[in-house]
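Structure first, commentary second.
Chain nomenclature is as follows: A, B and C, assigned in order of appearance, with residue numbering initiated at 1 for each chain independently.
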Amino acid sequence: MEMVKGERWITWIIRISGYSSILFVSLILIFLAREGLPALGKVPLGDLFGTRWYPIESYFGIWPLIFGSVLVTVGALLIGIPFGIGTAVYLSELAPSWIKNILKPVIEILAGLPSVVLGFLGIQLVAPSFREFLNLPTGLTAFTGAVLLGFIAIPTIVSISEDALNTVPNMYRQGAMALGANHWQTIWGVTVPAARSGLLTAVMLGVGRAIGETMAVMMVTGNAPVLPHSWNALFLPARTMTATIASEMGEVATGSDHYHVLFFIGIVLFLISLAVNLTASSLALRSKKRAERLLS
Amino acid sequence: MSVLISVKNLTLMYSDGVESLHNISIDVVANAVNVFFGPAGGGKSTLLRAINRLNDLADVSTVEGQIFYNGRNVLDPQVNVIELRRKVGMVFSRPAPLPLTVYENVVYGLRLMGENSKSVLDGRVEEALRQAVLWDEVYDRLNDPGISLSGGQQQRLCISRVLALDPELLMLDEPTSALDPVSTAKIEEMLQELKSRITIILVPHNVQQAARTADYSGFFLQGKLVEYAVGKGLFVNPREKQTQDYVTGRFG
Amino acid sequence: MDNSNYAQVSKRKAIVGVNLLRLITFITALPVIGVIVYIIVRGAPALSWEFLTAMPRDGMRAGGIMPAIVGTFYLAIGTAIFSVPLGVAAGIYIAEYASDNKLTRLVRIAIINLAGIPSVVYGLFGLGLFVLFLKFGTSILAASLTLAIMTLPVIISTTEEALRQVPSSFRVVSTSLGATRWQTVKNITLPQAMPGVVTGVILGLERAVGETAPIMFTGASFFLPLLPQSPMDATMALPYHIFVISTSVPGMPVQIQYGTVLVLLFFVLGMNVIATLIRNRARARRQW
């Protein structure tokens, strides 16, 4: 391969930079493992997966935390999916372009809002109003966290869903209309089903975003790492895995059991996000291949 | 009559299984307009891109045979393709000015070689633009973007870009298919002018253009060279039935 | 039911449906605007020259937030230094140099994963590697490196996308005129992709500037009497400051909280606006 002078170095730098992401993922895994795996040695496995999280008395059961994350994430999805996909469908199939030109930047702004700002507003505005309107002892609950998280996940869901819907070939829409379907029927009968793997990808990435969110949930879900006793757990304080790490890491002694367990939780989060992202990307890849085959 | 390029038993297949060229042997005669014509999919573009190794950019799975140029096989991996591409220039079917000014378009290849002296570049620009019959139209617009020219002018810009490198062989792949008749005529005229200095391979975009311009012509059909003749022979008196059918418009 | 009745029912369903979607979109979009307006309204009274340029007093309850603003700048610069050259180069690799093989797919998977890792896990990683193992301590350096790795996937993806948008005909033409791969990238592809690359960098830094969790254990501090003197010092930073003053400081005037939030919002939205302007201007001046 011919090169001009100096190009050999430049090509080498570019190649190494390209491989660097593999290096970094490995580093992250290695260092999480380095500090987190000792937890398996120091805390009996049964206790680690026990149901009480009370570090002061050496109760390191992480189930309440996992449950907290799941609860808040599921709640977030219950809001994020209908609102996110609904907005995406509206923007991509129905909205006149002047509305699109206003709303798309608005969604982008939502995506850019720092989570600490949203958490702040949660504390100042959202939690107190929920407390009043829903007659709760406190507004800092899993529900508040879910609502906030739903909004945080929406931009991710909207933008990827919109891409998926835009990729559906116009042929499909025109075909349906030629057969007598009106616009609405075309959307739900043809376009949305055609985009379904893209929409699924969007949801998965929304899930990833929600599970990984730290500050906003930490500030509004209260501070109670407990397993639920009843159905209204949603309206009680809870604790996610992310919030636990963020709030307790500052107070632990390096090398203590608590310290190692927090890193262990980090490993769990890393693996969850790995699973979510791999699924989402293989979905996206499969749908792209299918689309290419259909259009060729 | 000397031969510039000698293609011997060239077979080429893309990685999706499509066999583009099958056992092609053909000579390119120096200082003449060598026409490769035939219906779409015949392998003509592939052949051109094999000659200047532009196929290296594409998904080619097998190449067999040789292409001899100045005594060396162009397909040999040891060959310096950069040098090769300067000597064997190519013009594509859609005018493709680079996103630069007219001037910078023409000198692009020269700058790649390290030539940056303004006086040298100025001289080569005027020479190349004159050879491409474009100088009179753009001499006062050298700093305008290349895409501000009309379609025919853009294509002549692309030609002058190649000519600035002083090539031995100029390959044009359907150069006038996107142009109006006036621009087309200008370019055909220019080719006749150029052939005394440069060897030309032309893939015409219709049979009439082939008949107008050919000194030597080869008819390609689905990757095979069906017939080859001197001058207008193929159009007036084809030997093969397939050639006859295509030339008379029975298929296309 | 007969055809005309069916058509009518379908039409009614459609109208209800469309209006429902309109409502949904409205509910999604309105709070965003509402939130920004609200923050401006409640935070603007706190803004003053003193607020922006003076040191805090009375345990952060009065005075200015200058160290947090300066600290955020330092972190932004530090993040940019480490993530931009590496990220752009990696983007160039994927778009222009990588062949379609297992290694490339591994690189892609790695990037997707980096993008999805929760910010607090980055904080742990930064703590483990930079603060403790490499002994940088809680410092601007450690925090910047952590933020840089977090920002890397954004820059790589947007660079790759920007390069892909450049028509391949340019590459073919450039190659046919005797250019090496790097010459084509350097002379044509990268310059044409620049606006997209710059937009991506700005958006990546915008996110980094707003993050709290990655800097919490790696470089951010709350009570610092002095501005940081070197990259090895810890620093105050707006996101972390907001977090602490809104959750852990008794007697914290609400107005100062809103004011601080407003300043961070200025940064973030300002970068958003700049990125959008660059993107729109580039689209208008494209030569293809």
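We take it that contacts are C-beta pairs under 8 Å (C-beta built on N, C-alpha and C of every residue); 3 or more make two chains touch, one makes a residue touch a chain.
Since the model is a prediction, treat every value here as computed from it, not as a measurement.
Report the chain whose mean Cα position is at the greatest distance from that of chain B.
That would be chain A.
Would you identify the chain whose C-alpha centroid lies closest to the centroid of all protein C-alpha atoms displayed?
Smallest offset from the overall C-alpha mean is found for C.
So the centre of each chain is just the mean of its C-alpha atoms; given that, what is the distance between chain B and chain C in Å?
About 48 Å separates the centre of chain B from that of chain C.
Using the average of all C-alpha atoms in each chain as its centre, how far is it in Å between chain A and chain B?
54
Whole-Å distance, chain A centre to chain C centre, using C-alpha means?
About 16 Å separates the centre of chain A from that of chain C.
Mind pulling the chain C residues that touch 2 or more other chains?
180, 183
Would you pick out the residues of chain A that each touch at least 2 other chains?
Residues 2 of chain A each touch two or more of the other chains.
Using the touch definition from the top, which residues of chain B touch two or more other chains?
Those would be 82.
If you look only at chain C, which of its residues touch chain A in the complex?
10-11, 13-14, 17-18, 20-22, 24-25, 27-29, 31-33, 35-36, 38-39, 85-86, 89-90, 92-94, 97-98, 103, 106-125, 127-129, 132-133, 149, 152-153, 156, 180-183, 203, 206-207, 209-213, 216-217, 239-240, 242-243, 246-247, 254, 257, 261, 264-265, 268-269, 272, 276
Given the complex with chain C, which residues does chain B contribute to the contact?
Going through chain B, the ones touching chain C are 52, 54, 57, 82-83, 85-86, 89-90, 92, 94, 96, 98-99, 108-109, 111-113, 145-147, 158, 161-162, 165.
Per the contact definition, I'd like the list of chain C residues that touch chain B in the complex.
My answer: residues 169-180, 183, 187-188, 192, 287-288.
Per the contact definition, I'd like the list of chain A residues that touch chain C in the complex.
Within the complex, chain A contacts chain C at residues 1-4, 7, 10-11, 13-15, 17-22, 24-25, 27-28, 31-32, 34-35, 82-84, 86-87, 89-91, 94-95, 103, 105-110, 112-117, 119-121, 123-125, 151, 154, 158, 182-185, 188, 205, 208, 211-215, 219, 242, 245-246, 249-250, 254, 262-263, 266, 269-270, 273-274, 276-278, 281.
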